[in-house]
Amino acid sequence: MPNMNMVEAVNSAIDTMLSKDEEVIMFGEDVGYFGGVFRTSDGLQERHGKHRVFDSPLSEGGIAATAFGMGINGLRPVVEIQFADYIFPAYDQIVNEMAKVRHRSGGEFWCPVTIRTPAGGGIRGGHHHSQSPESQFTHTPGLKVVYCSTPYNAKGLLISAIEDNDPVIFFEPKRCYRGPFYGDPHNVPTWSDHPEAEVPESHYKIPLGEARLAMEGDRCTVISWGAMVHVCEQAIKSSGVSCDLIDLQTLVPWDVEAVVKSVAKTGRCVIVHEAPKTSGFGAEMAASIQERCFWNLESPIERVTGWDTPFPHTTEWDYMPGPDRVIAAIVRTQED
Amino acid sequence: MSGGGGVDPLYVPDAPHRPGDEADFTEWPWSPGDLGRPEIDCDASETLDLAEGLVRVLGDDNKTSGDWDPKLSPEVLIQGLEHMMRLRIFDDRMMKMQRTGKLSFYMRSFGEEAVAIAQTMALEDRDWLFPTYRQPGAQFVRNRDMVSMICHCIGNEMDNVKGRQMPVHYTYKEGRFISVSSPVGTQFSQAVGVALASNYKGLDEVTITWIGDGASAEGDYHYALNFASIFQAPVILNVVNNQWAISTHKNFASKNGNFAVRGIPYGIPSIRVDGNDFLALYSVTSWARDRASKGFGPTHIEVLTYRAGAHSSSDDPSRYRPSDVHNYWPGGDPISRLSEHLKQIGKWSDKQHQELSERIDSEVMAAYKEAVKFGDLANGPYPSSDAIFTEVYEEPPWHLMEQWDEMKKWRES
Amino acid sequence: MPNMNMVEAVNSAIDTMLSKDEEVIMFGEDVGYFGGVFRTSDGLQERHGKHRVFDSPLSEGGIAATAFGMGINGLRPVVEIQFADYIFPAYDQIVNEMAKVRHRSGGEFWCPVTIRTPAGGGIRGGHHHSQSPESQFTHTPGLKVVYCSTPYNAKGLLISAIEDNDPVIFFEPKRCYRGPFYGDPHNVPTWSDHPEAEVPESHYKIPLGEARLAMEGDRCTVISWGAMVHVCEQAIKSSGVSCDLIDLQTLVPWDVEAVVKSVAKTGRCVIVHEAPKTSGFGAEMAASIQERCFWNLESPIERVTGWDTPFPHTTEWDYMPGPDRVIAAIVRTQED
Amino acid sequence: MSGGGGVDPLYVPDAPHRPGDEADFTEWPWSPGDLGRPEIDCDASETLDLAEGLVRVLGDDNKTSGDWDPKLSPEVLIQGLEHMMRLRIFDDRMMKMQRTGKLSFYMRSFGEEAVAIAQTMALEDRDWLFPTYRQPGAQFVRNRDMVSMICHCIGNEMDNVKGRQMPVHYTYKEGRFISVSSPVGTQFSQAVGVALASNYKGLDEVTITWIGDGASAEGDYHYALNFASIFQAPVILNVVNNQWAISTHKNFASKNGNFAVRGIPYGIPSIRVDGNDFLALYSVTSWARDRASKGFGPTHIEVLTYRAGAHSSSDDPSRYRPSDVHNYWPGGDPISRLSEHLKQIGKWSDKQHQELSERIDSEVMAAYKEAVKFGDLANGPYPSSDAIFTEVYEEPPWHLMEQWDEMKKWRES
């Protein structure tokens, strides 16, 4: 099986779907001739034609609206928002329109659009190239929300998203495009030799709504998504505490079975995400887990998250949650 | 040109007339003469006179004239007249239902009946309609059953939207009439995507959409013109300038009062048409359809009309404009104008008008009686609240299933 | 003291501030000549002049952007978004711009804008005139988020919001404009004779960040905001359980002291809001409370919320949380 | 007119030249002759020729001509030349710093140096500048100290943005240069608010803002033109059409390649100006300032120029356009053109140019050396990460205080 980094895996997923299904079409800023600022659509225009993979005007609202219209008229558009920070001009089209059209039309129209967007920090992007706005989409019924973490799940989840008949917001942790991120900015590994970078060339799916058990243990459940999954892996290894590591993969709908089963077993839980703490998706996870596993819990559910501030540029490593903070949280859950 | 002579504190426009004032429509762009009908492959720049002027076919003498005369048969005109009369009578009935609590809210098309009806009649049945709440009349053209329309407005068991949206938020896929959404403007940019999908599939289908003068200030208006022109979408983009956005006069939507010309710098041929002139609307729309269908891309149309009634059943326009103002609109009334024209050419009479009116009235009444059998808002029955949970997603995920069960428990308690 | 309904109280707050401070200016759709579709600015244009209270083009994005520019150039704009459902075209200007400008400019520019908007259901508005999107603003550092519930706190909080030097999103529960809402659509009281409708004509403030203890008890803490506060009051009375009722008033920053003190006392907690459950602000409250009061908790924190679906039209009473659901949640917290 | 002849699969434009092609600028709007300079209280419609044509003062013979000649003194021209040269030398130094890891990222103004410099020189010091990342040169005009600019780009201890934003996101309130934000377009509509606030306060202050050809597709562009025209804001709205938005050619931003004309239907006088002609830029901007200051409202300007360099230090334009393309731009280079003009009128020599260049070079070098004393990105020191928590709000609320304490604990561990 070929080894792919996450950029290649994303590219391969779109390529696979463009080949398989004529209804699939891709557009966004700089994705056509150039192949995307992160190269995720490199070569796709040449391979599939200018009418299937093309550049769009610099307008996220227009991109979302156009995708909406194509979606309700039988296509399956995959659009790119160049940075997740720039998805907000499209927010109305996403939360008021895409999310509700199936319901509002009594099922007459639906919108099988996939919105892909690179998210998260760690590339010195400052406050407008580092945000991780997933939770701002999880509150809107009608949307599915996915956050990949490895080349393997990037491709499998993206194919599922494209084939899904509901709108899916698909976050890609840009910090992990070229390698996993273990929290040390000075040690930058690539994906080569990583088992999760063995990616089939062909079509395969990872079902939306299913979590991935990335590590198994019995003293604590660590739940994360995106780049932080690797930070958690690192932290668990260093902590010496035996932990389940749940890579949530899909945030809406999230895998309640996997989570409840694990917390029922471990009685302890740490949730880790990059986005600010207040009303991050960790809040929903913690609230739900205490509802469902209250009598199993031996200690408070911990959240390790970005601060409730904009994302900084120079001092981003004081912002991004690192293994030390995760270790400390795991240890705290063991104390009581 | 206003302004001048130093720094004034923040300039704010006003409406030309307010309660107590006399209505004044001096700025109405009286058609200076007949305007030419360009080739469908014309450049945007060749349409400047059409955008700055006003395409009319029906003159004040109720006769047709000029290149834009679509030369429709009397049968088609009578059909159009009938649809418009039906819409007006239907609207009046619905307002009565609203006033008696049988439905929650209503929005009439009063004074603007010609817009969607003439324009939809000028299209093919396979063309897509992406309307606002002010174009329900298109459904009559596409043969939608009035009972199902009323059931939607009530939100009863037979509502095809299952009581989920407010009244007038129709959807009618069979007639290619796409679900109305409350956030104004969103459909305008979406319609470009609909059109491009038809194009991508190689189908000869055109999409038509409408936006209000007020809503043209939303970003979606700009997205639509931009994407439509860049990708040459087969789309007809109408700004329905009915002079008002609730209480806000179009002076807050356009400094110079002309919406049509905005299309030209985008490279989109643009036309202003008398929105109360059935024939002109029909003709301009046919032209635009032909253009789109032959691969020449979008057309931008300002439909110049007047919102004769209140914005909605919640609105009281006498608070912000003279109450009789619509009687002074130089474009007159679309129904009277078409019927006067038909009389003029000897194809219609007061008696026929009266009879048709009565026939429609009893049809509407019958439909109304039929519809309320399935429930009205005051008395029920209502659609099952299970519809809250269905079609949120293609399949309800576990958390919706859980909440659905909980809801059922409460409903039954 | 005069009795005011919530529309009058909001009007009085803006009127007071227009009189007090020349830098205050108000605009929005239909707010000028007409006085607003809910009449909250009735008479203000006539009283203060067309250049201080005026209509704007129908463009929420443009309204927010214009307010931003006025705000950083020394004015204190109060803008109205006609329905909270229509705030999303302005979302980018709010979350990427207003929220971050003080920080991104090293304190050189700031944005003392107040965005008022009627929110919530109960007026048969269907899915686009009923949403309660407060939680979608609570995740963004730099914004303050307020939700009033009575005429008295509407005026006092609104004056604080206008005088605040940070951007404030101010939600008004439209269902309570003319009377409190106890959950029974057929029994529609007005504000007259209600103690919280005694509103001073003059200037007064309720500090942002402070909750209101609406009822006092010792067996359970009920936390709510907006229209649901009255539903909770009704529920508590009917439940026979002695409860603290905390009207949060400000969601960001929320009153941690009041909440922790109460839950520490009662050991039980129910959070009630209209918005959908997933990632509603109840999630943040539950997550934070279990973090801070874990050892006090005698039972799981309950959330009573709107369903994770769009807001319906005809059947809205099967959507809106009513006293019965709150009572049941209170009772559940007592069981264990 | 493209298109035609039936349904094609979705039309997508392209750039006029790609790597390997020969550059081709036949569509450049050669000024057909000198264009008139209208009265400042003119109507938008009177500016159509200015919007469709191209205002130039400096001809290909390096001589000035026409009504738009601002007749600036040689001192002012030399001042402008110096600012432009400083910007280019500064940019080159910063790129070197970026390549050696001393700063994280950089964006040059290469080829566009005249834009912000000439335009800002045409304004009063009390006027507000609301730029994008492509107008840092305005700061030289407002006397900003280069050391502080470099410290910002490094994001070191002396960065007045405290390491919070990426390089080139300057803010300089003393010079009324408003904080640059990454989301493109947002400043354009905000600037209208800034201008209206000045107006409201009764101050004779004008606001100028810029947006890219690419970013003009955002909703903010439409909001800006609409609000500016409705409320007659004293604002100068510039679209800097440098032909590219990263790899996306302006053919994806405008069907007919003209941005200037878009202002006219909004009722805003609109002008296209040669963005590499210092004198024309100065002149057009003075005219617009005069107009705004006298209460006649906004002006819309297309600045026609070419992004000679890469989009940013992360970009490699040879992947999407011929590498030498900018040498073929008919507008030439703004610095050469002004210096050639000065030579032409006998006020400048190669020797002076050389000397000035060397002086600036050493000034920049000195500033650079001074700046890195406060830290560079590779080696620190960095601003305190306490700056993460300050100025999020006027006062940090309790939850920020708590997290700040926690952060400190980690920082010290």
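First chain written, first letter: the chains are A, B, C and D, and each begins at residue 1.
Simple rule for what comes next: a contact is a pair of C-beta atoms (placed from the backbone, for glycine too) under 8 Å apart; a residue touches a chain by one contact, two chains touch by 3 or more.
These numbers were taken from a predicted model, which means no experiment stands behind them.
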Greatest separation from subunit A - chain, by CA centre: B
Same-interface partner of A-B, chosen from the options A-D, B-C or C-D, over half of the pairs matching: C-D
Centre-to-centre distance between subunit D and subunit C (centres being mean Cα positions), rounded to whole Å: 41
Centre distance in Å when subunit B and subunit D are each reduced to the mean of their C-alpha atoms: 42
Where subunit A and subunit D are represented by their mean Cα positions, the distance between them in whole Å: 35
Shared-contact residues (touching 2 or more other chains) in subunit D: 9-12, 159, 164-165, 169, 181, 183, 196, 200, 217-220, 222-223, 226, 230, 252-253, 392, 399-400
Per-residue multi-chain contacts in subunit C, two or more chains: 51, 56-57, 59, 61-62, 85, 88-89, 92, 96, 100, 103-104, 127-128, 141-142, 252, 278, 307-310
Touch list for subunit C against partner subunit D, complex: 25, 51, 56-57, 59, 61-62, 65-75, 77, 89, 92-93, 96-97, 100-110, 141-142, 144, 164-166, 209, 252-253, 256
Residue ranges of subunit C in contact with subunit A within the complex: 61, 85, 88-89, 91-92, 95-96, 99-100, 103-104, 127-128, 133, 135-136, 138-142, 252, 275-276, 278-288, 290-291, 294, 297, 299-303, 307-310
Subunit D residues touching subunit C - in the complex, by the definition given at the top: 128, 130, 159-162, 164-165, 169, 171-173, 178-179, 181, 183, 186, 189-198, 200-201, 207, 219-220, 222-224, 226-227, 230, 390-394, 397-400
Residues of subunit D defined as touching subunit B within the complex: 1-13, 41-44, 196, 199-200, 202-204, 217-223, 226, 229-232, 234, 251-256, 258, 261-262, 264-268, 293-297
Complex contacts: residues of subunit D adjacent to subunit A: 9-12, 14-15, 18, 104-105, 155-156, 159, 163-166, 169, 181-184, 212, 214-219, 245-248, 252-253, 314, 319-320, 377, 382-385, 387-389, 392, 399-400, 403-404, 407, 410-411, 413
